[in-house]
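What follows is a single structure, and I will ask about it in a moment.
Going in written order, the chains are labelled A, B and C, and every chain counts its residues from 1.
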Amino acid sequence: MARLTLEKIKKIYGKTVAADIPYLEIKDKEFFGLLGPSGCGKTTTLRIIAGLTKPDEGRVLLDGKDITNVPPEKRNMAMVFQSWALFPHMTVYDNVAFGLRLRKVPENEIRKKVKWALELLRLEGLENRYPHQLSGGQQQRVAVARAIVIEPQVLLFDEPLSNLDAKLRENVRFELRKLQKRLGITSIYVTHDQAEAFAICDRIAIMNKGKIIQLGTPEEIYNKPVNLFVASFVGVTYFIEGRLTEILDPSIGKVLISTEDGLEILAYADLERVKKDQKVTLVVRPEYVHVASESNVENVFLAKVDRATYTGDGIDYEVKIGKWPIRLKTSTTYKFEPGSEIKVHLDPMKIIVLPEILSSE
Amino acid sequence: MRLSKESIITFLFLLPLYIFLAVMIGVPVISVFAGSFGIPVFIRLSPEMKPTLEGYLEFIDPTKPYLESLFFTIKISAISTAIGVLAGYFFALYLTLRNPPTWRKVSPVMTIPLFTPYVIGAFMWWTLLFPRGYVAIVINSILMGLGFIKEPLRLVNDPYGIGIVFGEVWIRFVVATSIMYSSFQMVRRDLVDAARNLGASTWHIIKYVYFPLTRYALIATIAIVFLATMIGFSIPFILGGSWPQFLNVMIYIDIVKRFDYISGYVSGAFYLIVSLLLGYLIFRFMGKRVVLQAR
Amino acid sequence: MDKQRLLDILVIGIVVVYIVLPLFVLFEYAFAEVWYAYQLFPSKLGIKWFSWVLKHHDTRVAFLYSYTLAPLTMIATLAICIPAGYVLGTRRTRLTAFTENLVNLPMALPAIVIGIGLLPLYTKLGLLNNYWALLPCHMIGAIPYTLRSVTAAFIQIPKDLEDAARNLGATRLQVIRKIYIPLVWRGILVGGIFAFSWSLNEFVLTLLLGFPGVKTLPVAIYEYVGGYYLTPQPAAALSIFIVIPSILIALLLEKYLQISLRMGG
């Protein structure tokens, strides 16, 4: 069992709060993500878990046992570094065997385990190469092999794919997730790439300025962002500011939002968080917007086409309803010219209503 | 080959340097080698200067003092190098691994041995090591207190070169620390983190990460310190005993006090050969290798 | 204060004491007006020895010689090293690579051997006990360091700066004045200061070729210590006059030019 808990963790450098986490629990066998922009504290948190950085306050618990004062070399957690940190003066075999040798595992055992790890990561035949003789993708796999071969209780990943090219990154993501599910090791993955986190992780904590802003599954975070920061960090987002002028059906949260330039938009809101006459911001993602059809009655607006970008599989339109720019994507059957006016439908069931206003950032 | 403007400039700009080197290095080297065979260059410094192999025969004669002096020079240089480099190596490691904040405020002191003239440094160690000196008092009290010796030891101007070692280590320790520290700093921190994460204790990290990645820097440091100690004059001159003496002090005595020019030149020739060899090894080994390793 | 910090302070403390000890003793002797054999520390401090030492004509002359030879060495060394450094720093040919290695030669040669090698030449030309003849001697050891510093300064300048300037119409002299000098003056200054320092500290060649006619401070210091070391105080007092400027120079270099001659900063 490897359940990880962080309690009241604080780490401050000078005047900057690097990490401030009152409570975080990562479940056994979970693939947990720490997502956020650079400097948000995700790597600091990972390093605190690994024991490479000591927190100023707080405790780290593994299966309920306090390991805050256990030195990193005794924690039995393996980390895959952003730069992979392969020992340049050792062969692939020696790199992977390193942790096992330190644990005084007998050599024939080591041979078997290393072989297993290399096969798992498709690195057979490369045992005697040196890191500089390998491609980026291969080096990355050696780093993973080195981590899993010691059968750690927790696997830590610090942006391990950022040095790979985009195409490779996509493939490796799935492989990592497959591997983790197969081995069943509790894993924590740090990244600034939202798509990566969504593809790999079971649950994600979005961090900013050292604090966890939202914790949830990828679906929860995408569809129910808790504030503007999270909404704009995940996916393509456009905002429309307005005021909640009418509550149409309190039992299901159906409301009417009015903008200052006279648009009236239908949406569904959490009435615990927003009240009548409150200033709100609507999150409108391209997939909430469609070319209006005959059957659409509500939320149909006249939009001026600003720009059309051909993306191969369709066309991306940047349009304006009133003074608000939004985006939508259509198939190539529609070919609207910039400057023309079209009718668009905003799906009221999807629009997200947030109690913040943009200017308060 | 047409002389382009570029090569004329290159030639002209380097000319003063080459002329200087030819006169101030070329001439002495030739004079020493020639003089060792008794061949006078420019002027016959003494009537005995005539072509002869006597000087060399005398040098390798075991009944004569030169061989003993040469071995003494090498032995003391080796001891000083060993102590200085070892101490510097581990101190640099300590600073790299612990990165103590106190050090930042206090590290300017390292400039002291580097900027103190050798004569003065040697002289100061003399005052510390002569029977009334602080170091002599402390060391002798401890040794006598523990019963290892009955009478106070002579720590300077002594026949074992103890004084010389003290003086040399004082300077070489700082140099060794300096070079090894910058080498250790070039070792990527994530390698250290990775090793620790995989279970390495501090000793393992030294053995498997720092040591192998800075091997060449260590070799270069040993060579540099050994060479510098071998050719240094002031310290053995002031801190050495009446016998045995460093070879270069013998040269000084031969030429200035005994006017025995040939012997002086022969010793000089040996010195030249040994130092040039060492120097060549250093500059071949250093530079590229040292940096590549630590990457 | 936890155990680790205590260990830090202990280790660093030992090292600092070890390094500073000779300097401390130097100051002790220099300022010791009354110090009897049975005392551990001087009983009276004062500047008696400084005035004693300055009373001697010989020492005053030694002062003069040292502090005039040093700047002269600096200038002469720079005069040779700046053009050479420019070439070595901006071109890479077999000749420049060879020169760079050749110039390191003086660092591998014992000074005494160079001295005895120069003896016949100097004797023949009557240059013994000659102030000006000592100048090149002081330069020998300085050149490798100075040249290295100046070359490093020139190497830092991207070659295209010169090309761009020439392309826009600058003559070579203008290029040097307007482009190089503002960018390399630090390296030149550091190199010059090395030469100055080296000259101040030069002992062996001066002893061999200048003594007794020309005495610099290191030689004068040796004189006080040369016999049976019965008078360390005047030697200590004299030494202060070299040690303090040397250390000040080192600290100044660091503070104002951010040249890190030490580590840990």
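We take it that a contact is a pair of C-beta atoms (placed from the backbone, for glycine too) under 8 Å apart; a residue touches a chain by one contact, two chains touch by 3 or more.
Note that the structure is predicted; figures quoted are calculated from it, not measured.
J.: Starting at chain A, figure out the least number of steps needed to reach chain C through touching chains.
T.: Counted as steps through touching chains, the separation is 2.
J.: Which chain pair has the highest count of C-beta pairs that touch?
T.: Chain pair with the maximum contact count: B-C.
J.: Using mean CA coordinates as chain centres, what's the gap between chain A and chain B in Å?
T.: So the centre of chain A lies 58 Å away from the centre of chain B.
J.: If you average the CA atoms of chain B and of chain C, how many Å lie between those two points?
T.: Chain centres of chain B and chain C, defined by C-alpha means, are spaced 18 Å apart.
J.: Can you list the chain B residues touching chain C in their complex?
T.: 6, 9-10, 12-14, 16-18, 20-21, 23-25, 27-32, 35, 40-43, 45, 91, 94-95, 98, 100, 102-104, 106-121, 123-128, 130, 132-135, 170, 174, 177-178, 181-182, 185, 227, 230-234, 238, 248, 251-252, 255-256, 264-265, 268, 271-272, 275-276, 278-280, 282-283
J.: Which of the residues in chain B end up touching chain A in this complex?
T.: 188, 190-191, 193-201, 204, 208-209, 212-213, 293, 295
J.: Any idea which chain A residues touch chain B in the complex?
T.: On the chain A side, the touching residues are 50, 52, 71-74, 77-79, 81-83, 85, 87-89, 98-99, 102-103, 146, 150.
J.: Considering only the defined contacts, which chain C positions touch chain B in the complex?
T.: Residue list for chain C touching chain B: 4-5, 8-9, 11-12, 15-16, 18-23, 25-26, 29, 37, 79-81, 83-84, 86-87, 91, 93, 95-96, 99, 101-121, 123-124, 136-137, 139-140, 143, 147, 172, 197, 200-201, 203-204, 208, 218, 221-222, 225, 229, 232, 235-236, 239, 242-243, 246-247, 249-251, 254, 261-265.
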